[in-house]
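Okay, got some structures for you below.
First subunit A sits with subunit B, and in the next complex the same chain sits with subunit C.
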Partner chain A sequence: METKIRLSQDETMVGESEEAGKQAEGSEPTDSGKQTEVGELTEAGSRDGVSELIDVGSRVGVSELTEAEKQSGASTQTVEGIPAGTAKAIKPTRPTKPTSLWQQSLKRLLQNKVATFGMIYLLFMFLFCFIGPYFSPYLTEKTNVAMMNRPPSMAHWLGTDNLGRDVLTRLMLAGRISLTVGIASMALSVVIGALLGAISGYYGGLVDQVIMRFADVLMTIPGLPLLIILGAILSDLKVPSDYRIYIVMLMLALISWPGLTRLIRSQILTLREQEFMQAAEVLGLRDRRKILNHLLPNTIPLLLVASTLSIAGAILSESVLSYLGLGVVPPTPTWGNMMDAANSLLDFEKRPWLWIPPGFAIFSTVIAINLLGDGLRDALDPKMK
Partner chain B sequence: MRQYIIRRVLLMIPTLLGASILIFFVFALTPGDFVDTNLKLTPQRAQELRVLYGLDKPIIERYFIWIGNVLRGDFGFSFKYQEPVSDVIKHYLWNSFLIAFVSSILTWCIAVAVGVFSAIKRYSWFDTLVTLGVFAAMSFPSFFIGLLLIKYFALDWKVFPVGGMTTTGSELAGFGHWVDVAKHMFLPVLVLTMLSVGTLTRYFRTNMLEVIRQDFVRTARAKGLKEKVVVYKHALRNALLPAITLLGFELPALFGGAIITEKIFNWPGIGRIHMEALAFRDYPLLMGLTMLLAILTVVGNLIADVLYGVADPRVRLK
Partner chain C sequence: MSNTLVEFKHVHTHFDTDEGIFKAVNDVSFRIKEGETVGVIGESGCGKSVTALSLMQLVTAPGKINDGEIWFDGRNLLGLTRDQMRQLRGHEIGMIFQEPMSSLNPVLTVGEQIVEPLQEHLLLTKKEAWAKAVEWIKKVGIPRPEKIAKSYPHELSGGMLQRIMIAIALCCNPKLLIADEPTTALDVTIQAQVLDLLRQLKGELGMAIMLITHDLGVVAEMADYVVVMYAGQVIEEAPVLELFREPKHPYTQGLLRSKPVMGQRQKRLYSIPGQVPNLAQLGESCHFHERCASCMEICRTKQPPLRTDGDTHKVACWLYEEGFGHEQA
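What follows is the complex of A and B.
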């Protein structure tokens, strides 16, 4: 199966780059694009030495694809309105201030309105959750028996819960945990996934077999059932609420690393065969340096996209688990276990302010992450589209 | 091709064995079993039950007994339902299949139509709307959308029943029974469709966009064919073909049950008994269900790979 996947990926890659090449020949504006590229190559060369030069070259190849793709989409307009095209051709071919690949990608990302919106929303969400509570008059107040189950009002914008706690404040505090769990489990699974993927792609052979078979086994059991079982075990072990957060992070990382490992491994397999790796070989670099300094940095665009999307997955999984009472449990609030209110019929039917806000928070955060991730993919890595 | 399939089937065996080891040890090492949770038992009776269910033997031995039985199609005896696990699964499997099947058909129809159309009208307002809708559908937590639908459609507006598969106490038979079931099915099917339609729509849109860019489509246009013929005859066929591989991946979803959706709508399927078995710590049933999911996933992957070879002859070479 592995060989097959590798083969098909190679094929698509060849197909795409050929196509991009054709388009580049066909349309005028790419001319200037090529020029800047060369400029960059030399610049990078003078900065970081030979292997880096080839390194960057391979990455430029990727980014060139996007440009060609974008232009193929946009070219219909420029060709029809000829002036725009000619004006571009006359423009100085080398920009006065050379921009790095990252700056180019960032620019592309910011041109994508939807992705920018996602990013701004996420920023807002972070501020809302991490700074917001300090503006709340109810932060120190734990429970208030006199104010139980009140609907939204001027004093309590989202009402109060069955212990008289302000729902809005709780929503912010819950967001802290939900976002932290999402990001931490992503970070963990990216570290595991990238390292194992790189090791297994680089060394091949027995190491590869062992790692990938283990990943296969983990992937045969669908994520949610596995999480639910592990969550139940946690409950049986009577893990204290404070520690459960960390274990839930571990659990989420456990189910998401195999996919990442596979992704990185296939990427490393193609990178390993490229010239800059031969150069690294000739330079007599140690394996660790080859993997960490030369192979993995080239997978960063891919990793960035995958990890963004995996935060969304982790937040969703955590919310499902906590909703079922198998993830993070009260008193630690998360968006998921706040929705636990919907499990009681009275709260569900008569007090929607208890469970609709956290549900909406999960939904809007996840959609913002997905939009940002998709924008990143367009900006960084056209192959994954 | 045959050799390829044989090799793939052989590769399945170690993977499934690995999965079975993982499943068994996760459950076996879990503190608290069926006997422990029943506080009414005297220590002596508890010991008898342990011997009866073979819980007193060393763990390695228990694994081999279990896997031996599984290979013979015997998944053990469910504590909660007091029936063999395979009977319990058989009993609920088709209920899960019913909603999963209907929602899969809906999903595929909607995804093909919407995906292809938004690819043809790329960057139009329809395309933007679809893209946003796709992301919304992908980002909804299943339980939240389910709860919202129940709240508004079932409780507030009373259009559809709250949950279950039939109206409690109804004695309807024949056509009336099916109408009743269809009413109960509507919301869970809606949720399942919404959750899966996003990814598939995106898939078809990307596929179609890729095909439209290719040379043979340009040739078809250059020949002076009508745009309709170019799109629906030449491009569409090629865009749909790779999708047959996805049929394989549908397998676990079709028979494995939807845990959250079925729990929320109280639909008597595999997903719901999964949650119930968990609450009851009915380990034989849980192990059976998890093993079933693992088998379905592996077989689904196999089908996907084989179909991939059917769709794209280049893959067969290796």
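What follows is the complex of A and C.
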């Protein structure tokens, strides 16, 4: 970005000196087209990271400009001034390092306003949840009977709950759990899904059959009932509430990997037939190296998009479970079990500050993640231009 | 001259498909000596590449090496285990392909791709391997090797990528380099550069080269010995000068006639009439008889064996068979 701004400044400089020359001659300034050409050429050069291109670009640009100057019959002073100006304009764009694919993708992502909004919102949400609580004076788990069910006020911005705890603080703490559960279960399911998908796609045959049929079986069981059953078993086993978070993560990962495995497997199946994989075969590389170094990096765009979207799914599933009382249980707050307040008719009608904030948090976070995921898909799709 | 490095002995590689058995490589025998460049030529679909893949044992299903032996450096490759074969590939046998653009992994830098076989076969540490990779990039004639090592394949030109491929294939000092149409996808000036590079590296490292091509010019320039294949069989083999001076098989003669000659302008370039027969429907006849100008009665009923004719020249044609042949028409 910086170089771009500097470039345009220099361009305007060029333009100014040019115009000055022309004004002296009394002719019309018509060279704006030539200027943009210089800019485009250098930009194209830097994007490809090939310095030769820039050299060519700059040479063409300079010669054209000076020619144009000669045509408009400017004084020698401006002719001298212009190559100096263009040289300055081109220098900053000469890349010190080739622009990587990631930088290009990031640039494309940032061009997508909606996705950028999603990303900024998520960043805000993370700061809100992970840093926010430190600014709260109500960080203790203590209940306060004197302050039960108070509506929002200056002291408690989002009011207090039925045990006199500050809702805003609990909302932030709950966000920590919900986001952590979402990310951790995503990470786990991505690792399982990508590995199994790569293995079954690469080897095919019996291995493929076993893995994919197992995935199919898992997919035929509806996720929610399965989670409810698992949650009920957990409750029956009286797992301490601290541990439940981890077990919920594991459960969520367990039901979400089959979809990802299918996705990765199909991708690997096409990649495996590519010529560069034959070339890798010819190099006598080990299977492990071929799968981890050659095949999986090619699926990273897909993995990134799928995992982003699966965070949203995991957050939702966790909320549902906790809302039903089968996920993370109080006193550990999550957005889902805070929503539980809406279960009571009295709270639902009279105390909206208890359930609107967590509801909005879930809603907005999931939307933001999905927007970011869509944006990522567009930015990383090589066929998009 | 010197010891035999590779010897194909009656190799049969067949593809068993629904439409019948494709005899892509049908009883092929020839040898490559140490440090020698052998050109394998022939039309598309005559089994050149499958011969090379058979050597590498990378023939994919439904293809299968049904019969024969392939000896490499004193070992029968068909008797090796999967893992032994894997260790041989990239280490003792290097291979480069026709399309450098698609033969490199698009998401890895070229440096990372040279490092891999070095780590795998020479068991170098990452740092040593990287230093060696940079050295190799320099060796194949690319300036600014440190920078190039960190760039991705899409940032380099076809000629540069083919040089990188050569670097990858040769970095473990193989005894044999299989070059499967290494210059077909490149433009002519780059072709010459790549061939020069190959020749120079061969001079330095002394590996043998199995050069698969249909470009007779490339063969004339590079090869010491030429094997001509047709419909999955070797029909003629000879040292390069002899073959070009005195081609014996009518097919080879046709190939040489269909090459444009500089300075001569013909109305129409000669081409061998007809097409390569369907490899699934080969009969007992000489496979070339339908297209051959000097076809005889026996050609339609019986296959000619590959016989030595002269000192070093081998040809499979009834024309040169005692009792049948007459001097060339």
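A few notes on this one:
Convention: the second predicted complex is superposed on the first by the 282 of 385 C-alpha atoms of A that agree within 3 Å, B and C clash if a C-alpha of one lies under 4 Å from a C-alpha of the other, contacts with A are read in each partner's own complex, and residues count from 1 in each chain.
Quick note on the criterion: a contact is a pair of C-beta atoms (placed from the backbone, for glycine too) under 8 Å apart; a residue touches a chain by one contact, two chains touch by 3 or more.
Since this is a predicted model, take the numbers as computed values, not measurements.
In the superposition on chain A, A:L224 makes contact with subunit B only, while subunit C stays out of contact range. Contacts of A:L195 after superposition: neither subunit B nor subunit C is touched.
When the two complexes are overlaid on their common chain A, residue A:N293 makes contact with subunit C while staying clear of subunit B. Applying the stated contact rule after C-alpha superposition, one finds that A:V239 touches neither subunit B nor subunit C.
Once chain A of one complex is fitted onto chain A of the other, the partner contacts of A:A187 are absent, as it touches neither subunit B nor subunit C.
In the superposed model, A:E275 makes contact with subunit C only, not with subunit B. Once the two complexes are overlaid on the shared chain, A:V207 sits clear of subunit B and of subunit C alike.
Of the two partner chains, subunit B is the only one that A:A312 touches; subunit C does not reach it. By the touch criterion defined above, A:L163 lies against neither subunit B nor subunit C after alignment on the C-alpha atoms of chain A.
Touched residues of subunit A, counted separately for subunit B and subunit C, are more numerous for B. The contact sets of subunit A with subunit B and with subunit C never meet. Remark: subunit C residues 56, 58, 85-91, 94-95, 97, 99, 102-108, 112, 116-117, 120-121, 150-152, 155, 165, 168-169 touch subunit A in the complex.
Subunit B contributes residues 8, 11, 14-16, 18-19, 22-23, 26-27, 30-32, 122-123, 131-132, 135-136, 138-144, 147-148, 151, 155, 206, 213, 252, 256, 259-260, 274-275, 278, 281, 286, 289-290, 293-294, 297-298, 301, 305, 308, 312, 314-315, 317-318 to its touches with subunit A in the complex. The part of subunit A that touches subunit B in the complex is made up of residues 1, 3-4, 7-8, 11, 19, 72-73, 114, 213-214, 216-222, 224-226, 228-230, 232-233, 236-237, 312, 316, 319-320, 323-324, 339, 342, 348-349, 352, 355-356, 359-360, 362-363, 366-367, 370-371, 374, 385. For subunit A in complex with subunit C, the touching residues are 48-50, 97-98, 100-101, 274-276, 278-286, 289, 293-294, 297-298, 300.
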